[in-house]
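Every chain is named by a letter (A, B, C and D) in the order it is written, and numbering of its residues begins at 1.
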Amino acid sequence: MLLEKKLRARLEKNKILLMTHIVLGYPSMAANRQVIAQMVAGGVDCIEMQIPFSEPMADGPVILKANQDSLAAGTKVADCLAFGAEMTARHDIPFLFMTYYNIIFKYGEEKFFKDCRDAGIVGLIVPDLPPEMGENFFKLATEYQIAPVLIFTPTSTDARMAELDKVAAGFIYCVARRGVTGKQSEFGKDFNTYLARCRAATTLPLAVGFGICNRDDVTAITGLADMAVIGSETIRLVDAHGPEAVEPFIAGLR
Amino acid sequence: MLLEKKLRARLEKNKILLMTHIVLGYPSMAANRQVIAQMVAGGVDCIEMQIPFSEPMADGPVILKANQDSLAAGTKVADCLAFGAEMTARHDIPFLFMTYYNIIFKYGEEKFFKDCRDAGIVGLIVPDLPPEMGENFFKLATEYQIAPVLIFTPTSTDARMAELDKVAAGFIYCVARRGVTGKQSEFGKDFNTYLARCRAATTLPLAVGFGICNRDDVTAITGLADMAVIGSETIRLVDAHGPEAVEPFIAGLR
Amino acid sequence: MKQNGFFGQWGGAYIPEILHQTFAELTIALRQAQNDPNFWQEYLELMSTYSCRPTPLTFAENLTKHFGGAKIYIKREDLNHTGAHKANNVMGQGLLVKRMGKKRVIAETGAGQHGMATATMAAKFGLECTIYMGEVDVLRQRPNVFWMEKMGATVIPVQDGSKTLKDAINEAFRDWVTNVDSTHYVLGTACGPAPFPEMVSWFQSIIGTEARKQILARHGKLPARVYACVGGGSNAMGIFQGFLYSDEVQLVGVEAGGKGLGSGMHASRLCGHDASPGVAQGYKTMFLQNSDGQMRETHSVAAGLDYVGVSPILSDLAEKGRVRFESATDDEVMTALDLTMRMEGIIPALESTHGFVQAFKEAPELSPDDAIIINQSGRGDKDIFTIAHAFNDPSWKEFIIARAKEYS
Amino acid sequence: MKQNGFFGQWGGAYIPEILHQTFAELTIALRQAQNDPNFWQEYLELMSTYSCRPTPLTFAENLTKHFGGAKIYIKREDLNHTGAHKANNVMGQGLLVKRMGKKRVIAETGAGQHGMATATMAAKFGLECTIYMGEVDVLRQRPNVFWMEKMGATVIPVQDGSKTLKDAINEAFRDWVTNVDSTHYVLGTACGPAPFPEMVSWFQSIIGTEARKQILARHGKLPARVYACVGGGSNAMGIFQGFLYSDEVQLVGVEAGGKGLGSGMHASRLCGHDASPGVAQGYKTMFLQNSDGQMRETHSVAAGLDYVGVSPILSDLAEKGRVRFESATDDEVMTALDLTMRMEGIIPALESTHGFVQAFKEAPELSPDDAIIINQSGRGDKDIFTIAHAFNDPSWKEFIIARAKEYS
């Protein structure tokens, strides 16, 4: 699929790719625009844009609050799709949407895929939609050629990884640890074993997320995985130092 | 017995006798002294002196409060007996003690009777000691010649009145109505029937109490009963106008 | 019971003459009920459909392990409707009131449990209801007052004397002598003039009858000891009656030790040395009184144990040595409560917790082959204001302060 | 149940991947328990010795007369240990936890009843325990919070979102994904990802099984209608299961009408027109959400009904027409509560009172030969702060103000 191809192309130039995360509408779409520009300037390889949801069950406090504030400010799903189209037109890197299934379900699955494709979105991350629950969703993903990114976790058995691999596309999102987004992870021996299991289970590129904050974390996974995901940390950075802090931060990660 | 004889003698001079009530130690024994002197001066025929008890179950709010204040001021049973002796020595009318059974029980029944006799007390009113509960008490009463005054009530059957009459002495205390001391009574037709039943049940003099406040009340029972009992009303009077108000009040009752 | 409502030298009916006829009628109604098998059947039926009888006997596995001695069983009177054993007595008297045709009931209450139960019974049986409650207890047990009023009862705070249970009883008697024809006085414990001690104990015997059957089924033999807190004595009499004639079962009544038996601030009548025989509130028993016969102030963290007298039947059983009496202090009670909540997920009323204290002291002495039963007379929910206060809970205080701000 | 935990089109398990394995193991443990007759036996044993099962079926004679139609029976889940039907579910899950060998439990709670029940179970089973509770509910149900803490649980006020039940559920899931190996999430109602709706309904079926037997014994035939309030749907599923396959019995679920179905301030998902199909909190059901799929604020005087979703099993039964759904407003609830307290001496929880409201509306239409059952899911004691406030009780306010003075 498109997403995997684009990532593989970028892997030619860099041993480790960087994916960043933003919550759409937090603190505002105008700010999102600036932050994304900074990220791209900083050399990011891929961006996941979260469409806010009132019940972000798998997110930790930082992203949770960003979701709530964005909604409180009036962010609509249609705005997010339009914003996505604007970004894909402006920046030449792959953009994904991350959101919870209800947003898609309520929007209408097929319409959502269609509008994503029209917006130039190349992948979707939906943390509360396991393959068993998404028969139609995964059929549409193939049909519309939008990569359904799936998640491996330290609790996933080999058998489960194999199952997930069957329907996943683009890349596999390996969460570094139990828990929600936003907390530090430790990249020790168990982690290496886990990543080796992930690697064995799929031929897709591996992204590692949950708690990657700095250059050391990125270095730690280089060679083991293909992409580092920086989530809550950029939100914290923008909150504290404004959008301008993002480019140097990203540029300094590898 | 002594008490009945004394009352009958006084009935020669008056169609209706007056008995008054005081709570010993309320507001003080000094005040009691003045009040009793006033009562005697006002022409009272008989006085019941209440030895205060912490649980005066059959008394209404006025006498209840007087009991509690007296105890709070430190009144002891021994003081009451000594005061009784002083009064009987000073005034030539019959004096009774009114109290609850626990005072006597705790003091020692026989010792109580002996000390009462020594103090010149001629009768006892114990509202929570029915004959069934007081075998020894009534034996001692006969032995020490102190009249155990018993109570008829509107709920007493003829049979019960007959039973009570067997052990009573001095006079019968007919309570005018259901309830505790201190509230108005109505002396209507039912009351007359009731008093006729009382008269038929005993040859002892009949005293009527509970709620007698003024000359009209006393007039209402004259001819039907032998003695009017003025209880809470003198306490109210002393509280409001001091001991000096008592003589004219008593004198004006008949 | 001897003639005239005496148990040994204790009991009797020292009542104002105005009540003579009423007591005579009440005694007759009671005798008729006792001789009518349908009456008890109706009572059992009511208790099993309106309340939750039989109440369970719970094996306290964690406490048993913790103390490493006798097996600890808890008789769960807290699961009764209205949250305490008081329901047993009140529903029984309710059936008697129906038979006697009276239209109004009155009651005294200390912890508020008996008032709650009476208000409940009055609502169910369609009776007018007035509850007398010492002002001190009104403050300690405000939630119960609220519910009584919502069930249609009039609650009268009694401001006389020590403003606790005994004063509420006096006031109830004053009401009764005034309204004797229409009204039945639902006395809340195994005290007062005969036939109340006998009558209340009879209704409460349902506890002991069940508990005996249950422990035999579960443990295979009788318990070594049975513990119950003693306020007026009704829950204790209730459970003890299941074992009274089985001499191998030790019966232990636990009184309120307050600040300690030597402190003068307690409510222990049958243990300690502060009580003496007396006659008050219509009956003869051991009272906390001075040498003149004036009743003393009592103290307990548990409003329902804070009473000067005690069941004449228990005075007799104490004198005969059939029931042993112990006491538990306020502090011991808080500790035992804490332990019971944490280990068993059970919240005994402060009253009931007195029984737990003594059982905890003695359980380790006994063998794992032995069982003991604690009568949990009620649940602790009603005590939240007292317990939260006693534990000095900061967020509770904040909560109350915040609520008060809304109201002022 | 269809493949994958669906009931009709409703249900499923929309869970983060990290929980996949845990759900697989939970489902296996559940299936083993369901296939092991000893398990249910052990459950019944526990519920009859630690709680008070079978709970009674009370004939509400006075209400029946008052409405002059069907005979009104009340299933008394309020008499359970901890005061509500929540105990049934929690004790059942406790037994499963023991089998699975986990050492820690977490739970969400709205009214605090489920938190109370879970803290209780954790104390009894010796488990570590954390309870998540929306901050709004912490304020509404402070007494329950106090008791949970005293039983050793940690109560965490959730400050996200609407600060009520749904947010507590999210937070509990966040804990679970973090502590998935050691921890079992004791979900409190028949909602959430499969197998929770099925599992919770299974444990709660004890209500319906008892009620069916009891009404047949007392009334001689099945009831015409059965009423239950519906928050998540567990007490309703519990009693409905006793009658689900008896088509002559109408089943009526009553949702929170709040300030009225037209006001936007309610929590009615299966009646009214404000809900639509959605997927959140791990399952598909009817949610109160806007056109973007964002959940709406809900409102009810009863914390336990104040929830955006509803059991997928009930969504299915609603769609199939087997269960009829109605709503009761806050005001109607206060009126019905008042009546029930005064006429029967029974204090239903605010949640439960919703069922009473609808039963009272319909009882007069039915014949005296018919019986109806109302499931009284819990007792109202826990609601004293809300109820006293709602009734605007002046002496309650004075009391709170006086208490606060002591503390400030």
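Please note the rule applied: contacts are C-beta pairs under 8 Å (C-beta built on N, C-alpha and C of every residue); 3 or more make two chains touch, one makes a residue touch a chain.
The structure displayed is predicted, hence computed values, not measured ones.
Between chain A and chain B, the least number of touching-chain steps is 3. Centre to centre, using the average C-alpha position, chain B and chain D are separated by 66 Å. The mean-CA centres of chain A and chain D are about 37 angstrom from one another, to the nearest whole unit.
Annotation: 33 Å between the Cα-based centres of chain C and chain D.
Shared interface positions of chain B, defined as residues touching 2 or more other chains, are absent. Of all residues in chain C, none touches 2 or more other chains. A linear topology is adopted by the chain contact network, the touching chains following one after another without closure. Applying the touch definition to all chain combinations yields A-D, B-C, C-D.
Contacts from chain D toward chain A in the complex involve residues 4, 12-22, 160-161, 166, 170, 173-174, 177-181, 276-282, 284, 287, 289, 291-295. By the touch rule above, chain D contacts chain C in their complex via residues 48-52, 55-59, 62, 76, 79-83, 119-124, 126, 139, 142-143, 145-147, 149-152, 338, 341-347, 381-382, 384-385, 387-388, 391, 393, 395-397, 399-405, 407-408. Touching chain C in their complex are the following residues of chain B: 53-60, 64-65, 68, 71, 76-77, 100-103, 105-107, 127-130, 132-133, 150-157, 160, 164, 175, 178-180.
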